[in-house]
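For reference, the structure is listed below as structure tokens.
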């Protein structure tokens, strides 16, 4: 039996709910509990200092706390070693790191890169730039009418021996949960290096990067109760060892001489300059929080809310839902309403303090594919309760009244 | 007359001083006042949300606060436009951005890059990597016996028409205040593009990037009362407009299509993915705090403390001071003590809760030049008071007693 | 959820009317000027076709998709532009467009309200798209 | 500032003695093994020269600069190594070195204390410098 948790109790950890908002935009960025901001404040007020070059106790304390997050994250995603856990600003920086440090070295003229049409811009544009620089080709796996990746087409593309396969574990625009394990296995068999964009994965379900089998896995702390400014790139050690640094400067070196420079060991080779220390410590507290809830319980809760919302929205006339059925999607629902632009809907919802996203969700190729400019999107997290979904339904009905 | 401020009153804004530490490592990272952590907390608890794609009020509020920092920074450094103010993680990322986006495009085989021997690793290693990639040459301006850059040698190097000149406004290891305005002018006349590393400049003195005349100016928020995770790259608009993006992904695009992508306008072209929102807002509060004190008053206070410390340390037997006289240096004093390794000194100081830096200060070429492996370093900021310097002197004497 | 269509402070009758029945909507054949702009934050696109004779905007049409605010704003703008001298069209500024809409526009929606003005500015008299007017 | 040299918990007499009068300090001519490592966080360097015969460390010298902790630790280690079979030297671990130092080493100084052990490990029996032992 899956452990459950008490949402009302959880909400007490999030002071922002005292403002009365219904927050339905967690796929964009999550809220942060007191435990996370508290950990940051503790650093600022008790042992604020720079790390790694410590010569005094508060800097030792900061270093220990900062490095402790690495072990927490390693455990969360079951990496083999903390050397495989690299701090970044977020998913975007993680993917760019791979594009620069791995991609510029390994992707050559005529190589094939396989992406998917539902990917987030952050997992498209870096590869477009790399492909243009190197003369490589990009192919995008299409979706079927349910918003699920066309596996037949994916397998066909693998026959062309792509150098790189990169795709999102879960679509932030449609909520589609891709069969990542099978896709990675097939891509590895085809000889590709595989990056999984876990921005919508790691925050919402248990992740085991070794079982997943990918070479790189990138995600953002700010989408999983952590502060802005800190995220994670997981990379398999062999690949990371063989890669050149991305950014360079203080702290990622062993020795700097006029004649040349030697680099630090993993993971620090990829962490140049003063890092987001408070934010990494905050991320550690976020991982603790999620771990205490249990990732299976997180997923179960989101699934319950998603099913509830899916049903409630399905009942509304003139509303089109995009993407797969609730059993095959994460806590994300994209929809549109006949005759009402998503932005107008969001404005009307906002007047009821319902925070709803409207736009292309950084997935313009998908929007083009769906033939829409924008959708409205509601997304859920550990603190979401049914009452917030009810408020959304109320706002939609209000919008329909206005635009009738 | 220069405005002065009441240090005792200022210290009340910094809860960390309640722990009893004497913090003499501000060149490494500064402490942060309640105003800064308060601004971050306000974001987390009142309008925590993602920016720029806002469809509801709290996200509008977050966007307004986030963008407000840009105008505050613009004013602080007197840039022409907020389009020239790019958010980074810190100095290191800013310099890497320039190395990748400007350097890879403009630096060619056989080109000359001029650096200085007192530069921080973050302003050396990115150029070493670029030079190796492009087949360019690096020359380092040496120092004289006072730790000041040899201007004769610098002028000689300029005769060779370097493509790039990059140097620190103030040395973090010696405290040397370089004649930046004259050096930039000479380098511009020689046709070079000029980057000034302002990591130790902007936090400690008034900076006017237009009067300075440089093309790029990079600095870190965490060294100027701001949180970790946010810094600034200033770039002249023409250069920034002509540069390709550094990182790519969400938010820095106008349109993404399978066929290709168009980029967003400045400054957002260089800000890919979810940014360090809370940290940028915190940095805004730090700029407010410094502006209220007045940068001239900040400099005057540091000068007073530096003179006091210089004198007190000069009186200690067996103590060697590195670098220029106090009138020509910022609030940084590097020194060594006969027979006592800097790390041992720092450990002994730490037992008295005196936070002192020991090491190479990310300036190994300078250490090699000085013929030492490490020095001890005390550095000061707005909240430093003479009593902390006295405690340092006490620790040094204690160390001398132990090692006698 | 207490307001009704009639008394809504934001989605007023005439806004909704311009949205549902946009004036000058469609395309011109062989226009003298034709230009499109998009709102990078939401993907909405508005384009305008102009027929200009002796410096006067003889005819104008707009096309594209967007929210009520951008559509109503475009519709209102074309009404104003029709028959105007191009020279005078240059004088139309943000304040005019927002004034004509007559509602309080929040920062998030201001780009929607001004998208059609941008089409006019960039298309009809060639201002750079990335000038200080943006955000 | 109350402690004196004699009763100092950290900088004990024998630590200071090994620092000021390091045993086996200097270089060997034509050593069988010679290796240096540095502490990337402070720039300190320690090197060791070994003369090995029939698997036994016949002679040993260390050189380099460093703090009292790294120097005393190196001095103590060479004393222990001299005359030892290389095979047995492999069994020396962190705990042995720290135990011999006999003081509480804070995380910041642990690299200082273990630098000489790293020289031994990497130099004398070729372990990778970047194994899990580090930090």
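Just so it is clear, A, B, C and D label the chains in written order, and each chain counts residues from 1 on its own.
Just so it is clear, contacts are C-beta pairs under 8 Å (C-beta built on N, C-alpha and C of every residue); 3 or more make two chains touch, one makes a residue touch a chain.
From a predicted model like this one, the values you see are computed outputs, not experimental measurements.
Averaged C-alpha coordinates put the centre of subunit A at 37 Å from the centre of subunit C.
One inter-chain figure worth recording: subunit C and subunit D are separated by 76 Å, centre to centre, where each centre is the mean of the chain's CA atoms.
In this assembly, the C-alpha centroid of subunit A lies 31 Å from the C-alpha centroid of subunit B. Centres computed as Cα averages put subunit A at a distance of 46 Å from subunit D. Multi-chain contact residues, meaning those touching two or more other chains, occur in subunit B at positions 53, 55-57, 59, 253, 255, 342-343, 347, 358-359, 364.
Among the residues of subunit C, those touching two or more other chains are numbered 41-43, 106, 108. With chains as nodes and touching pairs as edges, the resulting graph is of another kind, matching none of line, ring, star or complete. Under the contact rule stated at the top, the pairs of chains that touch are A-B, A-C, A-D, B-C, B-D. Those residues of subunit A that touch subunit C in the complex are listed here as 341-344, 347-348, 351-352, 358-360, 364, 367, 373-374, 394-395, 397-398, 401-404. Against subunit D, the residues of subunit A that register as touching in their complex are 52-57, 59-60, 63-64, 67, 81, 253-255, 264-266. Residue ranges on subunit C touching subunit A, taken from their complex, read 1, 3-5, 8, 10-11, 16, 41-45, 65-69, 106, 108-109, 112.
For subunit C in complex with subunit B, the residues that touch the partner chain are 38, 40-43, 106-108, 129-130, 132, 134-135.
Against subunit A, in their complex, subunit B makes its touches with residues 15-16, 19, 21, 25, 28-29, 31-32, 37, 40-41, 44-46, 48-50, 53, 55-59, 89-93, 95-96, 100, 117, 120-126, 128-129, 138, 140, 220, 222, 227-230, 244-245, 247-253, 255-258, 260-261, 272-279, 342-343, 346-347, 349-350, 354-359, 362, 364-365, 368.
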